[in-house]
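Take this structure first; my questions come after.
In this document, chain identifiers A, B, C and D correspond to the written order of the chains, with residue numbering beginning at 1 in each.
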Amino acid sequence: MSPTVEITPEIVKEHGLKPDEYERILKILGRQPNLTELGVYSVMWSEHCGYKHSKEVLRKFTTQGDKVLQGPGENAGIMDIGEGWAVAFKVESHNHPSAVEPYQGAATGVGGILRDIFTMGARPIANLNSLRFGPLALPKVKHLFTGVVKGIADYGNCMGIPTVAGEVVFDETYTDNCLVNAMSVGLVRHEHIIRGKASGVGNAVIYIGATTGRDGIHGATFASTEISDESQEKRSAVQVADPFMEKLLMEATLELIQGDLLVGIQDMGAAGLTCSTCEMASRGGAGIEIDVAKVPQREGGMTPYEILLSESQERMLLVAKPGCEQKVHDVLAKWDLHAATIGKVTDTGLMVVKEKGKTVVEVPAQSLTEPPIYHPAKSEPAILKKHREFDEASIAVPKDLTAVLLRLLADPTIASKRWVYRQYDHMVRTNTYVRPGSDAAVVRVKGTALGLAMTIDGNGAYCALDPYEGGKIAVAEAARNIACSGAEPLGMTDCLNYGSPEKPEVFYMFERSVSGVADASAFLKIPVTGGNVSLYNESPQGAIDPTPIVGMIGLFKDVQKRVTQWFKKDGDVIYLLGAVGDSIGASRYLHLVHGQKTGLCPRLVLDTERKLHRLLIESAQAGLLQSAHDCSEGGLAVALAESCFSGLSHEEGMKGAKVSLPGLGRLDGRLFGEAQSRAVVSCDPGKAAQFEAAAAKLGVPLEKLGSVGGDELQIGDAVKLSVREAADLFNNAIEKIMA
Amino acid sequence: MVWHVNVYVTLKPSVMDPQGATVQRALGQMGYDKVSQVRLGKFTQMEFDSSLAESEVKKQADEICDKLLANPNIESYRFTVEKK
Amino acid sequence: MVWHVNVYVTLKPSVMDPQGATVQRALGQMGYDKVSQVRLGKFTQMEFDSSLAESEVKKQADEICDKLLANPNIESYRFTVEKK
Amino acid sequence: MKFSVVVFPGSNCDHDCETTLRDVMGQKVEMVWHKDTDLKGPDCVIVPGGFSYGDYLRTGAIARFSPVMKSVADFAAKGGLVMGICNGFQILCEAGLLPGALLRNRSLQFICQEIYLRLEQEKTPFTNAGKAGQVLKIPIAHGEGNYFIDAEGLKKLKDGGQVVVRYCDEKGVVGPESNPNGSLDNIAGICNEARNVFGLMPHPDRSAEGALGSADGKVFWQSLLNAGVKA
């Protein structure tokens, strides 16, 4: 092909390609690319699509397991849950778009992850999200928080998919880089699982969904460059969400797949038509040929470059089985969907794009999905040593610890997220057995005894102080939440949010924390079936705290065995499971009350963690537990307070408790320290002996703290408060700030 | 006598309008097939105290549109001011 | 040349306007205390095929407003038609 | 008893109504696609919740023009039982089968939570299994449930005993504190003069199983079964 535009180093740079990357393109093609081809390589080789800096590190993950039906490499991971059913799940970030346009950015993020799920043939049954913002007092943060939550709510609600769980953290490190990680979970019969590959020479390639416009062009490369004021100019990258179109797409797609009409199907997410065509071809080891003139367009005069790189939302690409083309069009017509046959599968291994018959792109499909892999330099930040050696004795123990507890309960990071989840329809589809407000959400599988527990967790502060322990804790905490609900951890997906990998200190944190995630997942035998990487979360103030987020699925053979986190009846015995400890290192308490984000990150012993999970799961199965709640931010005191009043989230009222404060050493550490592998549980007195025996048998340390009753929470002689007052504080903290 | 400010907020031309497109499809099905394009926007009426000078009303109205009524990422606006 | 139809839909005065009220409260907090009243409505732009006679465009536009764009129980509408 | 559930593009709770009626209440259920005009001979038509046409333009505004709605109107005119839940209520109002309209929630936020309802009328085919004054725990999930009707319309509703359910607190006290969305007079559901068409914002389809939080919504389903038997 004769290049129409001369490709200068400037043009290469504008496309975010490094000189050696351009050299590589020249070698692959044996000629100069034209501008359109350059654009195609630039998006496919961007960090967002190409994982240039992260692929090596991701190899650390254990992605195998006897229940894994589909690991990383497809739109979503899939695991067997029995009775012919499988669960598909994945998390994805939409950080940069949400920072520019919170409502549309978050909404299209949910749309993208939902497509990843139903593209596999699975019907989405639940959404989750993990959010990070700056301090909520800042007007700018309120604006982001409001827009992001409304965007997630409007999209999921309109689609009729319950948003059942999530987490929100407010911390200075995210002030200029909010994080929006959306996760979706779907159910699929084994026989309906389908993949994103193109095969069968001559099979029709069909485009469905919204028309293609100029919106979001270079959205993918945009997500791989640091946010600077000039991304304010990149407003063309703002895409508008159309959940109604997506609902039609979802229903039509599932009807096509269940009707056995398709060879393969792929959503158009990042890098749009480019990504979907070459990914499908290279997964199928085939070639693909399309004509952009046949693509339904929203605006006149679009160039092949624009059509290929457009990131208009709510679009899919599918390959029909031979002879099924008409049937496919009939189904699409029923749902009033745009559909156009834009090309066919070939055996050339080439991605060929024509415009009215004239070839405008001709490149090896595989080469687009095999970008250069980098092994960036890394160096340990000196500050880590300082954190480890922080002297806790320099912090005086406050007099009034009840006041401290109340302050923690009103901290937006710890306080109830009711303001958020009340905007999410978390009940639609009538499967939500445990709604937001307990450690893990529980969703039943209709027509079976099965149930799924789900949660999403991460702690950037831990990772900032000790990336390896922090990475392990992210996995352990998610698994602990699943175990507290009584379910067996099944599999996980991860979203890795970091600054620029080209900074050695950032890359060190990235690699170390991913090692922690990988080691914990391997030890606990919870395979990683997919995930997403978001790098370049940077602002003039520097990189965000390293923030690996873990989304996890747990399985109930019998969903009736589920356990919730709040106390149930007066007289029940309250236990602390796990070690006691009095360190305040890395705690939310130290950060919030003493303004210091430092200290020794809690150590996590994986075998201790595993034993705790065994005890929680086996006692739940044996019906020994009335409630179980893990100790996380705010430590034992916050876990006890939440166990007293979080029943309110399910209109189940609240309970008081009178307990002793175990352990030795500083009171604030014993109350608010964040030692790992711990949970607060309650048992009917009649079952206490049996439970204590089970704990002894598994070697899980256990402290009998006291019993449920009254309308006050009393912890030793350190804390005494009215549960009603604490609950009001906890439940209205965010409302108050947002009012 | 008060200042009547009418604000018209519309999506920027390049921005897709799912609602407009859906309404247009519905109109087609209802038999109104000569409608070639539909765009939905917002129409806001505000009243300002007559004590303000016209220039001040215009200044405030412009700020209000920019900060509150329109989303500069995807929308543009215009407004009219009249005393009656 | 096509027919440009601009439709203005507003809530009837008797109908309370939660959005308008909220905007007005927000304006107060932002210091715009000279705004005495805010009402939110819809602004719809439609294009009709130029082959239609003006009278026909008006007739169809009126039907469309009455049936679809406005809910006569709570809203009233007006529209303008111009060829350009 | 035989139910037909109407399915619009964007309906979501069609699924919830289907499984609740079939699996929990043990009734026959037919799904009717909005482009069809044959209601499949039901004893009762359910217009389910969701976001028909994405709720674009105005909730229910586009759905009411679907071919099926003409059949629903005819069915109602002949005295057939029609119940609209959430978006279904909004559609019935837009279609003129019920008076009034549903505006944005006062808070401008979508609200999903369990609330309390007071049964005001037991003399309808939809509530005959309950007792006037009875308090029900039942979820709402909507962004536009703020019921409005003009003064004389409201008077007609009250005089005709057409206000069927109102928002209240745990103890059955109706007041501003127990009004989740700003609805006029805490109105959560109404019926037509003939008492054969009923619409409400809360979700009986989501509250027929204790495991989901409450089974109080069964009152409405049980009432329909009673009415069906009588019919």
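Going forward, a residue touches a chain if its C-beta (ideal position, glycine included) is under 8 Å from a C-beta of that chain, and two chains touch if they have at least 3 such contacts.
Model, not experiment: these values are computed from the prediction.
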Selected pair, greater C-beta contact count between C-D and A-D: A-D
Could you grab the centroid distance between chain A and chain B? Build each centroid from C-alpha atoms only and quote it in angstrom. 37
Taking each chain's centre as the mean of its CA atoms, how far is chain C from chain D in angstrom? 29
Approximate Å spacing (C-alpha centroids) for the pair chain A, chain C: 41
For chain C, give me the residues that contact two or more of the other chains. 67-69
For chain A, what residues touch not just one other chain but two or more? 242, 244-245, 336
Chain D, residues touching no fewer than two other chains: 53-54, 56-57, 62, 65
How are the chains arranged in terms of who touches whom: line, ring, star, complete or other? other
Under the definition above, what is the set of chain B residues touching chain C in their complex? 2, 8-10, 20, 23, 26-27, 30, 32, 34-49, 51-52, 60, 63-64, 67-69
Which stretch or stretches of chain D touch chain C in the complex? 57-58, 61-62, 65, 93-94, 99-101, 103-108, 146, 148-151, 182
Quick check on the complex: what are the chain D residues that touch chain B? 53-54, 56-57, 62, 65
Can you name the residues of chain A that touch chain B in the complex? 100-101, 103-104, 210, 213-215, 235-236, 238-242, 244-245, 298-299, 312, 336
Which of the residues in chain B end up touching chain D in this complex? 18-19, 22-23, 26, 29-30, 40
